[in-house]
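Pasting a structure below so you can have a look.
Chain naming follows the written order as A, B, C, D and E, and within any one chain the residues start at number 1.
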Amino acid sequence: MWLTRPLQERSTQLFLGILFFALIVVTVLHLALPEGNPLHVSAYTVTLLGKYLCYALLAVAVDLVWGYLGILSLGHGAFFALGGYAMGMYLMRQIGDRGTYGDPILPDFMVFLNWQELPWYWYGFDMAWFAFAMVLLAPGALALVFGWLAFRSRVTGVYLSIITQALTFALMLAFFRNEMGFGGNNGLTDFRDILGFNLRTDATRLGLFIATGIALAIGYVVCRGIVTSKLGRVSVACRDAEARTRFLGYRVERVQLFVFVVSAMLAGVAGALYVPQVGIINPSEFSPIFSIEIVVWVALGGRATLYGAVIGAILVNYAKTVFTGVMPDAWLFALGALFVLVTVFLPQGIAGLLRKRRKSTDDGSGPSESSSTSEATA
Amino acid sequence: MSIMTELAARDRVFNFLTPTDSPVDVRHGPILYLEDVNVSFDGFRAINNLNLTIDDGELRCIIGPNGAGKTTMMDIITGKTAPDTGSVWFGSRHNLLTMSEPDIASLGIGRKFQKPTVFEALTVFENLELAMAADKRVFPTLTAQMKPKHRERIEEVLETINLQDLRDRPAGILSHGQKQWLEIGMLLMQKPRLLLVDEPVAGMTEQEMERTAELLTSLAGKQSVVVVEHDMGFVRSIARKVTVLHQGSVLAEGSMDQVSNDPEVIKVYLGEEA
Amino acid sequence: MSIPRWLTFFLMVLLMTTAGTVSAQQQDQTPEALLEQLADASPRDTEAAIKAIATSGHERARAWLEAYGNNRISQVEATGRIVIVLNNRGRDWEVADALTGENLGEMSRRDLDRIAINNAVRRQLAGVLAMLDLFAKDVAVREAAALDLLGKVDDAIVEEVTARIEEEPDAGVRNRLEEALAIYQVEEQGSLDAIEVLSGSLHPRARAALNSAVASEDPARKAAAEQALASIQQKLRLNNAAETLYFGLSLGSVLVLAAIGLAITFGVMGVINMAHGELIMLGAYTTWGMQQLLPGQPGLALILSIPAGFLVAALAGIAIERSVIQFLKGRPLETLLATFGVSLILQQLVRTVISPLNRTVVTPEWMSGSLVINDALSLTLNRMYVIGFALLVFTALMLIMRRTRLGLEVRAVTQNRAMARSMGIKATRVDIMTFALGSGVAGLAGVALSQLTNVGPNLGQNYIIDSFMVVVFGGVGNLWGTLVAGLTLGTINQLLEPWAGAVLAKIIVLVFIILFIQKRPKGLFPQKGRAAEG
Amino acid sequence: EEGPIKVGVLHSLSGTMAISETALKDTVEMLIEKQNAEGGLLGRELEAVVVDPASNWPLFAEKARELLAQEEVDVIFGNWTSVSRKSVLPVVEELNGLLFYPVQYEGEESSENVFYTGAAPNQQAIPAVDYLMNEIGVERWVLAGTDYVYPRTTNKILETYLMDQGVAKEDIMINYTPFGHSDWQNIVSDIKDFGSAGKKTAVVSTINGDANVPFYRELGNQGISSTDIPVVAFSVGEQELSGIDTGPLVGHLAAWNYFMSVDSDANYDFIDEWIEYTGDETAVTNDPMEAHYIGFNMWVKAVQKAETTDVDAVKDAIIGVTVPNLTGGYATMMPNHHITKPVLIGEIQDNGQFAVVWETPSTVAGDAWSDYLPGSRDLIADWRAPMRCGNYNVKEGECGASAGEQAKAAE
Amino acid sequence: MPNESLMLQIEKLNQYYGESHTLWDLDLDVPQGQCTCVMGRNGVGKTTLMKCIMGEETVADGSIRFADDVELTKQPLEQRARLGIGYVPQGRQIFPLLTVEENLRTGLASRGDGRKTIPERVYELFPVLKEMKNRRGGDLSGGQQQQLAIGRALVLEPRLLILDEPGEGIQPNIVTQIGEVIRRLIAEDGLTVLLVEQKLPFARKFADSFAIIDRGRRMAEGEIAELSDELIKQYLTV
């Protein structure tokens, strides 16, 4: 099966090994050690790590479409945010009558703006299964419609990138509108519990962290499964010579659509896990700059490697956390310089560096990782 | 007939989707049929009332001056370019003008491009794998597994095109001639009913040309082959029937000897000494 | 300055109309007392105090009133002396004695008490000053004064205005005065004739007066007013359409300006230049810097900023090209990553070195205000200049790309670098020059934008997305496309805005772009044919 | 406890909000420096812990958690936008921290852990409208704002208030624009139109941040002067004006609880300190800075009163604490965690300052729950024992669920 | 052969693609005023050698001397064109989005005489280029593109013309014509031509001397008449 194939692969085993090891170490250090211990991992750190893992999953999703399919999506933040909103709506409904105004049905911001009844699109979000399904379906459906339109008309390259950007930009503006019924600029916040667990306890946080780790593992395996399958090679073929692929009898637009939708769903899952951990979802996740940032993580980690995307996302966000803390006035210099230096000195990103290491030590030709020569914008 | 039984057996890959058994209806003779085709680009008539018929199993050579419209004709057949007017039929059932490139390809029309185009990031082996006749829809492709017989087939072709040693190298590093061979290999993997081969021997040595000639002649009969080439030696060695295109329409048609003695052809194409 | 004859006349008029409120005794007040009265006046009494000054005939009276209107009259806390503030920036203010005009040097703000004025008083003041101006020699001043009087005529001055109409030699000014009078008459007396006078007027005040008449009980008045309004409405519609078009063009030209540099660096060279916005920002800051260097001459500074802004941004562009982009040849997508980093650095640099706050860029006199076509249609001057500037920049760029070797060489280099070099084209030089050109043009956009919007560290961020959108919508690599796309998107946006609102209009435009690209996957002016497919 | 008392500063130093928030960070640092120069607090040094949430709302929550959980700060001064406060709120409540929020906001909130030192709508919007109505005689209203909660709520309150005052619905025009809106041509033209209906018209602007510069520019260029249609702004302060050529704006209004131009010794001293601290002769002060000044001093006083920095003790001690404000009066912390403030209306001058034209006769206490919104009319907040409730419904005589829960948790 | 008459003298040239050694200690002399034909099977390194001469690939070691005095390996790519080397690469490499005329004009950059117009001779040789002056390069048919590539190289009026399989994709009568042009230019202008060609008849007819490369090494060279069937069998057949 295509999903089990990656499991036999050394690189995937290594990745999963490291990931699960990290999950266990963090859990143990968090639970077993007393707070005063220097090795103790605080709840704060656990949540922070959870956030990084969400971003990592998002980056993997972007790498799937960008690295292997050649679609530079500058709008993946939209899928992430939609997943996040689906989760946020569920969490809002879970508040029930514990809101400030005590309305059993309407979230606070609706009471506040004099809404009389729940808009239809909020129906069902009080049920976990429905909301979780929407986490996948909402971004998936958007990706399906958008992708169908775009790929069918053979929009490619920068044109595609820019309309993905327009998509997320339009959604951002729309979600900013208070009339939309998603809380406007303030978004959704003040969550209480998820599946009956109080969100404000360390145990729930740890649970979410572990769930995110598992989601990342699954997402990684799914992506890896796709890229190592024949479909993955067809994707690369589409990336490098779209027209030629068609003449071999592949329906390029369907391949693109399939991969794009899968990627959007993964992004949605990442968003859904992100929201309860950071405690807020607001339209700024739709902002084009955020989407560009995701691409930057991937590029920094190393495009078309998947694990590179994970490294890039974690590294950049860790750097952000550290820099904003230790040099609040100058952290942008450091981050900017990091981007510039990596691009100039590590053409293949950090993954490229690792690969070079590995090559020079064992000189074995690893899995046929494709280094792209022609670019999507050519 | 068998299509119905196949439709019923939904658990299998539909055989009729694989090109070898494509339901091309050739009972009425020609496998490819172009009538009154016209194409113009910004007012320039590249194809001008072109009529052409290729019989099933035929090996046809098409020659003609640069810019005569040979490549454009192939573009039309494969769905890359839409003609302004005219009709193009594959067998007597399929109107190619209504179909998309992948549909046409899965019907069983394979093509080698004039400028060799291979997937540079993929290895030689993977290039061949992708070209292999198979169910090319998304999910079957996702779950596809390499069976020994597939591997054998690829190895076989690798040998034919003499690229065994480079099988695991990315196709991007191949030399020009090697890419030509790889493209031919991909065409072979596709097992199409109709092969459109645009300048196969450009950049090949004499010896290689001979091999290519052998290869193409051996295909003819089972498959139909249309070859475009400027190397007269090569054309002569394979040609049965030759069509000469000029300014977008047929200038002459016949055996190689007939054509090469046609004064018009000599004037516009061959030059004095040919 | 001697007291002009008219002032005596004016004085008499005022005396008559405000008889009883201004007693004869106040006439003889010393200048000190006049100012004292103003300083001590409770809000209710300020009116009287102003009038007292206006009618005092003191040679500085006008200066006082103007200073008062500008909030420049203060009282020294310790001595009670009334001073005029000459410079009110910072902690220490430069003051002059109100009575003598003697410059008293700087004085701590702590020691001064401002003599308060508010809008209501300012309105009265404006009326009084306008009345004074009606006697000026210069027709333009009189006309402005008359225009100013629209809606400001009240019982106090109506007689005087009527009188002026008789005396006024200039027809234009007379019409204005009649209009002003008519507004008063419509509002206060409901005169039917006056409605007639106003029926052709496009001035908002006239409409205001008519609207108030529509609300009246009297059917005749109501009908007349409605009819007058209807005829005005008719004209207004046309004017509104013209105005919307102008708004569209103006927004469009801003988009074009912002995008045109990107059309070079991204469209032609293929560098996904995320720092483009920051290059625009540099141009805007150059304008600010120039104005700091040349205080008091904002116009000159602005003009000098055009070459300076170009230069600064071009140099920055060269620095970016040399330090980063040259290492990314053949990896266009990675330029996104690197230039994103550069953009972060530039933004923070401005924040740290200059300030996180917005900077003030002054609009020179000749660029502020608007070109009045009629009372309902006036084209704002700053935007008019920007439209012209955008077209100018576009033309210049077009010429460079079409007429010089640079245009040809840069396209050759981007299409096939190795081959271009094999043909002897100095690719490195071409890269530097082109990038400098694109960046310089971004700088020019910054100079222009400094006249429209904030000059701050976020300036660039606000334009980068739109710029990419415009370039791509127009068709990458096509300068005409950028022009047409910018103007189109701007106009669509402005056409939609009145009925959809600003947010929705923007959303619709974005959706429009998405759908349009479906129809034309390579933008407005696509590269057609085999060549484009490669 | 030994070691310094840690004061968290949670203001964006980068991103879109850096424009406004950087000065607030500096203000807190200055206040801390001054307090230390005066011998610290409870004999201990104060130490600022500054982080940069980078105008990113989720990051605000994360940074708040970092400050409270990792750095273990004793108090946080921070936030500007409502959304950032909403994002931080659950964190300070969960970790039982103290947050002083210095910006005017939409109200409708009272948290046990948050002290609102900026104006609630009744301390800014309503008096401003009263002024326009009574002193200027405005009858027709444009409520223009950026599309987010603060303008939405404020406008909602104002709309109800105006209609209560007998203003007809067609005399109110409401308009929302996106953040950073820069093309105001159409809207200004609409306002001009709206103002030509024969009634005195004014614009009540809740336009946020950067969008103001192009807005005012367009007003000036389309020839709308303050005498025709005055604009009263709730988000435009000295700092915003420092980036605008104010020449054409003279006479437009703003409503705040403090202006830099206020003629009081406390203010002049503060300005002197500020200029000295920043080393910039042209540095300006503004209302949120005063709010931090008040908030900081209140906290200091409460800590002194409680003789500990313990959050619960300080929370109890601070209610009723009175400190001088910068306008020559006093501010008191009310039981609903809002403070008393004077309301000032100022006119823009050509030097980028405001000249006060009107002022409430006495200070106004901030309302957590507006009297003009149906949902909150009956709610009050009182954090003193025994009520300890942020949203007590006087009609039903019970505390809203969430607050009740908190109260329980607190015991 | 006297040294003066060498246009190009290549000594001990080594080239690598990453780790794969493509050219091995390769020597090659190209006499002035002659047409030298380089032959060899697919993938032996002919194109690579041409790229090394043009500077598109860097050489590991060895020397390439041009016209006796210039060491080409030390010259930047652009400079080589300015020295008078015209290059017609394999695969045409025309600029697809430039018009035919613009493609030709790129060659004007490195002409020493600062000429601004395209020499009429180019159009005479390839009339189709004049006819299609305003069409984009990429729209041309394969053979037309090949003609354009040759024309473009001639715009430089080079001293040394490098042709990498110039006849590929061109109709027979024009192929012959190209051969004749080469001869004419050699005779009239003293042009030196370095030709890569697989087609024996063409090589035999228009070249003066030959060199055979196999696996990156030069295996044989000599006057074209000396090209024996033996050599062909050994090196040019598979």
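Note that contacts are C-beta pairs under 8 Å (C-beta built on N, C-alpha and C of every residue); 3 or more make two chains touch, one makes a residue touch a chain.
Note that the structure is predicted; figures quoted are calculated from it, not measured.
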Trace the shortest sequence of touching chains from subunit A to subunit C and report its length in steps.
1
Which of the two pairs, A-B or C-D, is linked by more C-beta contacts?
C-D
Kindly work out which chain lies most centrally, taking the average of its C-alpha atoms as its position.
A
Intercentroid distance (Cα basis), subunit E paired with subunit A, Å:
52
Could you state the distance in Å from the CA-based centre of subunit D to that of subunit E?
76
Rounded Å distance, subunit A centre to subunit D centre (Cα mean):
36
Which residues belonging to subunit D are in contact with no fewer than two other chains?
13-14, 147, 178
Which residues does subunit C have that touch at least 2 chains other than itself?
347-348, 461, 503, 506, 529, 534
In subunit B, residues with contacts to at least two other chains
41
Note: in the complex, subunit A contacts subunit D through residues 42-44, 47-48, 51, 97-102, 109, 111-114, 173, 176-178, 184-187, 189-191, 200, 278-280, 282, 284, 320-321, 324-325, 328-329, 331-332
Tell me, which parts of subunit E touch subunit B in their complex?
17, 41-43, 47, 90-92, 128, 135, 139-144, 146-147, 165, 168-177, 198-201, 232, 236-238
Could you pull out which subunit B residues touch subunit A in their complex?
19, 78, 80, 100-102, 105-106, 110-111, 113, 117-123, 126, 129-131, 136-138, 141-144, 146, 168, 170, 172, 186, 190
Any idea which subunit E residues touch subunit C in the complex?
54-56, 77-82, 87, 89, 93-98, 102, 105-107, 109-110, 136-139, 152, 156
Sort out for me which residues of subunit D touch subunit C in the complex.
13-14, 16, 18-19, 22-23, 135-136, 147, 175-178, 180-183, 185-187, 189-190, 192-193, 195-199, 210, 213-214, 217-218, 220-223, 226-227, 230, 239-240, 242-245, 247-248, 250-251, 253, 261, 263, 265, 268, 271-272, 275, 281-282, 347, 349-353, 355-358
